[in-house]
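In the two complexes that follow, chain A is the common piece, with chain B as its partner first and chain C second.
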Partner chain A sequence: MSSAIDAPSESAPNSKDRGLGVLEGLDLYRRLIGAQIRSLMQYRISFAFDFISTGLITLVECAAVAIVFQRFDSLGCWSLGEVALLYGTVTVAFKTMEMLFVGFDPSGFGESVRLGGFDRIMLLPAGLTLQVLGSRFALHRIGALYIIGSTITFWTIDSIEAINIFTYGGQEMMSVPMHIYHPLMRRFFTFVVPGVFLNYAPVVHLLGREDQIGLGPTAPYLAPFVGLIAMIGALAFWRFGVRHYQSTGT
Partner chain B sequence: MSLKSPIIHVRGLEKNFRVARYRGGALSALRSLISREYRLVRAVDGVSFDIAAGEIVGYLGPNGAGKSTTLKMLTGLLVPSGGELLVDGFTPWRERRRYVARIGAVFGQRTSLWWDLPVIESLELLRHIYRVPYDRFKSNLHEIGETLDLGPFLDTPVRSLSLGQRMRADLAAAMLHEPKLLFLDEPTIGLDVVAKESIRNFILSMNRSRGTTVVLTTHDLSDVEKLCERVMIIDHGALIFDGRLQSLRDRFGGDRRLVVDFEDEHVDVAVEGAVVAERDGRRAIYSFARESVSAAELIGRVAARYRIRDLEVREPEIEATVRRIYEERLLDKESTGALDK
Partner chain C sequence: MRLFWEIARREFRRHITYRAAALAGLATNFFFGLLRAAVLLAFFGTSAEVAGYSVQDAVTFTGLSQAVIGPLNLFSWTDVGRAIHSGEVASDLLKPMDYQGFWMARDAGRALTQLLWRGVTIMIAYALVFDIVVPTTAGRWAAFVVAVVLAWLVSFAWRFLVNLSAFWSPDARGIIRFAFILSWFASGFLMPLRFFPDWVVRLCELTPFPHTVNTIVEVYLGLISGTDVIWALLAQAFWAVALLAAGRLVLKAGEKRLVVLGG
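Let's look at the complex of A and B:
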C-alpha cells in the first residue's frame, strides 16, 4: 500500500511548469516586501519608536566600547578606531541580514507554524523560501542561522532560544578582535559558525594587521564563499524540515 | 457509486501520527527528553471514495474523527502514510506548486489575506501569486464581488473586518484564480444567519456557473441540507457513511411525526400504525416509522375517524440523525457500500 508514497519533493517533474522564473520570483518578492512595508506604515508611531530605539541601542553599544577604551588603551593591541571598524562591519552586516531574513526569525516563524500560517503559504503556488522571506520585513533593524533556527521549529514548535546564542551572541562576540578569545572559541567561530570570515579576517587585512590566529592569506576573501556554503547548507536543512512538516503536520 | 472519471480518487487512504506519550511527574518529564515513548494514532484509517467533477460533498464527523487530516492530505499539506490519493491527476503533496494553483482552499478560522492591508490589495497580491491575467482578474472580481457583496469593505484592512466579511473575502480570494476544486473547512463556523446564507449562495453559484467541485467539512447541518446532495461521514478515522443525504435520512432518520389539529375534542385519538407521542388540547402528535406506514396512509386512517382542521408531517432533524449515528455507532465499516468491495 505504501508503494504509492514516494519521498515528497518541492520540484515538479516538468521544469517548464515549475512555477516562477527568477525574474518573476524577484517581482513577486518585491511585491510581498512592498505589502509588508505598507503594513508597517499602518503603525507609524510604533514604527518610529522601533526606528529610534534601534538607533539608540547601536549608539549605546558604541559608547560602551568607547568607555572600555578610556580605561585600557587597546584591546588585543587594537585601537579604538580599529575595533570600531570591526564593530561597524559586523553591525551593518547583521542588521542588513536581519532586515531581509526576519521572515525566518525563529520566534516569529514558530508562531506562524502554530497558527497555521505556514499552511497558508503551502497553499499558494509560489516558492516556500520566497514566501517566508516575503512574509516579514524588518525595516528598522543572520540569514543562514535564522533559517536553521526556523527549521528546528518544525520539530519543537516552540522555537529554541539557543539559536539566539549564535545569532545575537555571535554578533556581540565578533564586535571585538577574535584573537583575544580562547582558541576553542575561535575554532567554533571559524568552523561551526564561521563568523570570523564575515568581519575579522577582512578587517585584519584592511588594516594591514598581522594574522594572529593563523587564518591564512585567502581568509579575507572567503566571506562570500563561506556565506554561500552556509546558506546552501541552511536551505538544504530547511527543505528537509518542510518534508518533515508535511509528514507530521507539526 | 460508479463514476466515470472522478476528479478525486481516494483508496485506502491512511494517516498515522506518532504522538509522544506523557507520564506524570517531574522525573518522567526529564526522562522524556532522553527517550520518548510514542503511541501510534490512526487519524485516517483506510478511507476510500471517489468524487465526480461538479459534486458538492459534505464531509462530516465529530471532532477528532479525521476530517481535517483528510482535508489536509487532499490539499497537499500532509503526506499520507499509505493508500492512493489522486486529485485532478495530481498527487497533491508531490507537485505542490502546480497542484495548489488549481485548487482553492479556505481553512475555517484562519485567513489567507494580509492582515494589515485592505482586502483589494490582498486580492491583487494573490493575482500575482496565481498569475491571473489582469482582465480575467477584473471580470472575476466583478462577478465574485457582486455575489458576495464585497463592495462595502474592499478598501478596509482585513484586521477591521467582521468575521462574516472576512470569510466572504477569503472565499473570494480562494476563487479568483478559477480553481476546479474548492476545499472548505468549516466555512460557516461562528457566522450569523445572514452571513451563512450569503456564503452558501456563493458556493452554490460557483458550483452551478463554473462547475466547481466542492468538498466541505462542517458542523452545521443546515450547510449540508442547503448545499450537499452527497454526504460522507467519518468517525474514528473510518468512513461510516457515503451516500445521498436522503438515504441517510431514510435509513437512520428515526420516526417521522404527524401533527394533527382536530376540529373537535377527543379523548382517544389512537390509530393503527402510529403512536400518540404528544397530546395538547385539540392537537395530537403521532410518531410513526416510515417502513410500517406511509404518511398518506396514516392521514387517511386519521381522517376516516376524525374531522381534521390542519395537519403537518415532520421529518426527523438531520442534526439529530447524525448525532445518533455518532453516538450509537449505527454504522460499521462494511455498510459504506460499493466502494469497499
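Let's look at the complex of A and C:
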C-alpha cells in the first residue's frame, strides 16, 4: 500500500517557512486527512466496531429517553418528537465537530504533550494548528472547546476530566429544552459557553414555540456569529499556549 | 490472601494520591448529576409519584447513580485487555499467584479510593443542594453496604470476563465497548429500570447488569423491603459467583492460546 510512503511527516510540502499559503495549507490538510482515512481503512473490522458502537451509544441514549416518555406525558411541555429534534441537531453538530477537531481532543493531545509528540510536530516545516488538525480524523464521529481543552494540557500535562463539563456536558444539556434548567446553569451556557444559541434558539423558532427563557428575537440567527467569536477566542488562547509551551522533556 | 491484601493496599495508596484528578472527576460527575436531576424533575412536572418513585427518590437516584460511576467503573475498563495485547500478561502469569485474584485485588483498591473520593463526596454535595432520601434504619444501611460490595463484585467479574476476549480478538476494545454501552442501559444507570415497561425489564434481567446500579438504588431508596431485599442480595451473589467462575474457565482456555513473541 502507498500509505507508508504518504505518511504525514513525509508528505509535508517543501515550503521553507511556516507561513504556508491558504491553498498550500488546504492541500496539506487534504493529504494529512487522506493518510488518516487510508490508515483507518487498513483495520476494517476495528473500524466497523467503532462505527457500530458509536451508533449504539446514540441508540441506547435515545431508547432510554423515548421509553421513559411512555411513563410521562411530556418533558417540560415538550413532546418526544420535539425533544428528538433538539437531540438530533446537537448530536449531528457535535459529532461533526468531533470528526473535524479530534486532533485537538484533550485526552489524545495531552498524551502527545506528555510523550513529546508535540515537540516533533513543532520541528516540522508547516503550521502547528494545521498539523494538529490533520493529526487525527474520526470518520465515525464545537471545535473551539476542544482547542481550549488541549491548550490547557500544556500546563496540566494530563488532560483534565473537568473539560468534559463544557464539551459533553454542553452536548447533554443541549439535547433537552433549556427552560427546564436552573437559571444559573442556563446563564452559564448562554454567556460562558454560548451553547444555547446553537440549537435551542433555532429549534424554538423552527417549531414556532414561545421563547420561554427570553432570549430575544435575534437569538435564532446568532449561532454563526457566536461560533466565529468562540473560534477566534480559542485560537488566540492556543497561540498563547504554544508561545508559553515548555516541553516535558520526554 | 496476604499478597492480595498488600496489592489492594498499594493500589489504594497509589490512587489516593491523585487528588487533582479526583477533584476534576468529582466536579464532572456532580455537574452531570445536576443535569440529569433537572431532566427527571421536568419529566415529573406536577406528578408526585411515578412507578413507585417520588420526586425526592428520582433526584436521589441521579445522585446515587453518578456516585457509583467511579467505584463500579461504569464507563470503560480495558486494563486486562491491554495487558494481554501488550504481552505483559505473560510475566504476570509466571508469578506464583492467581491472575484473576491479582486483578480483583487491584480493582478493590481502586474502587475503595473512588468510593471515598467520589462516591461519598458526591452524595454529600447532593445533600447540600437537594433534599435527598437518607435511609433511617440500621437494617437498610447494612443491606445497602452489602449491596454495594456485591455490585462491585458483579461489576468486576463481568469486566474481567469481557476483557479476556483480548486473548482471541485483536479488536477486543470494540467488544469491551459494546458490553459497556449495553450496561449503561440495562443496569438502570441511564434511567431507573422501573420506568421501563415490564418486557424491557425482563430483557435486562437476562444480563448481570441490573444487579449493579439498579439493586444499589432500590435497596438505598427502600423501593424493595423485607425478604425482597434478601432475594436481591442473593441474586447479586449468584451472578458474582457465576461470572467469576466463568472468568476462571475462560482464562484457562485463553492461557492455552497465548503466544507471546520475545523482544
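In this section, the second predicted complex is superposed on the first by the 227 of 250 C-alpha atoms of A that agree within 3 Å, B and C clash if a C-alpha of one lies under 4 Å from a C-alpha of the other, contacts with A are read in each partner's own complex, and residues count from 1 in each chain.
Note that in this section contacts are C-beta pairs under 8 Å (C-beta built on N, C-alpha and C of every residue); 3 or more make two chains touch, one makes a residue touch a chain.
Nothing here was measured: the structure is a model prediction, and the numbers come from that model.
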item: Touched partner set for A:Ile232, first chain B, second chain C, both or neither; value: neither
item: Touched partner set for A:Val92, first chain B, second chain C, both or neither; value: neither
item: Contacts of A:Met185 with chain B and chain C, given as first, second, both or neither; value: second
item: Partner chain(s) touched by A:Phe49 [first = chain B, second = chain C, both, neither]; value: second
item: Contacts of A:Ala63 with chain B and chain C, given as first, second, both or neither; value: second
item: First (chain B), second (chain C), both or neither touched by A:Glu172; value: second
item: Chain B versus chain C as contact partner of A:Ser74, first or second or both or neither; value: second
item: Intersection of the chain A residues that touch chain B with those that touch chain C; value: none
item: Sites on chain A touched by chain C in the complex; value: 45-46, 49-50, 53, 56-57, 60-61, 63-65, 67-68, 70-76, 158, 160-162, 164-165, 169, 172-173, 176-177, 180-182, 185
item: Contacting residues of chain A [partner chain B, same complex]; value: 1-2, 4-6, 8-10, 12-13, 17-19, 24, 27-28, 31-32, 35, 38-39, 42-43, 115-117, 119-120, 122-127, 243, 246-249
item: Contact footprint of chain A on chain B as seen in their complex; value: 12, 14, 17-18, 69, 72, 75-85, 93-98, 100-101, 103, 105, 107, 110, 112, 114-117, 121, 125-126, 128-131, 157
item: Chain A contact footprint on chain C (complex, rising order); value: 21, 24-25, 27-28, 31-32, 34-35, 38-39, 41-45, 47, 50-51, 170-171, 173-175, 177-178, 181-182, 184-185, 190-191, 195-197, 200
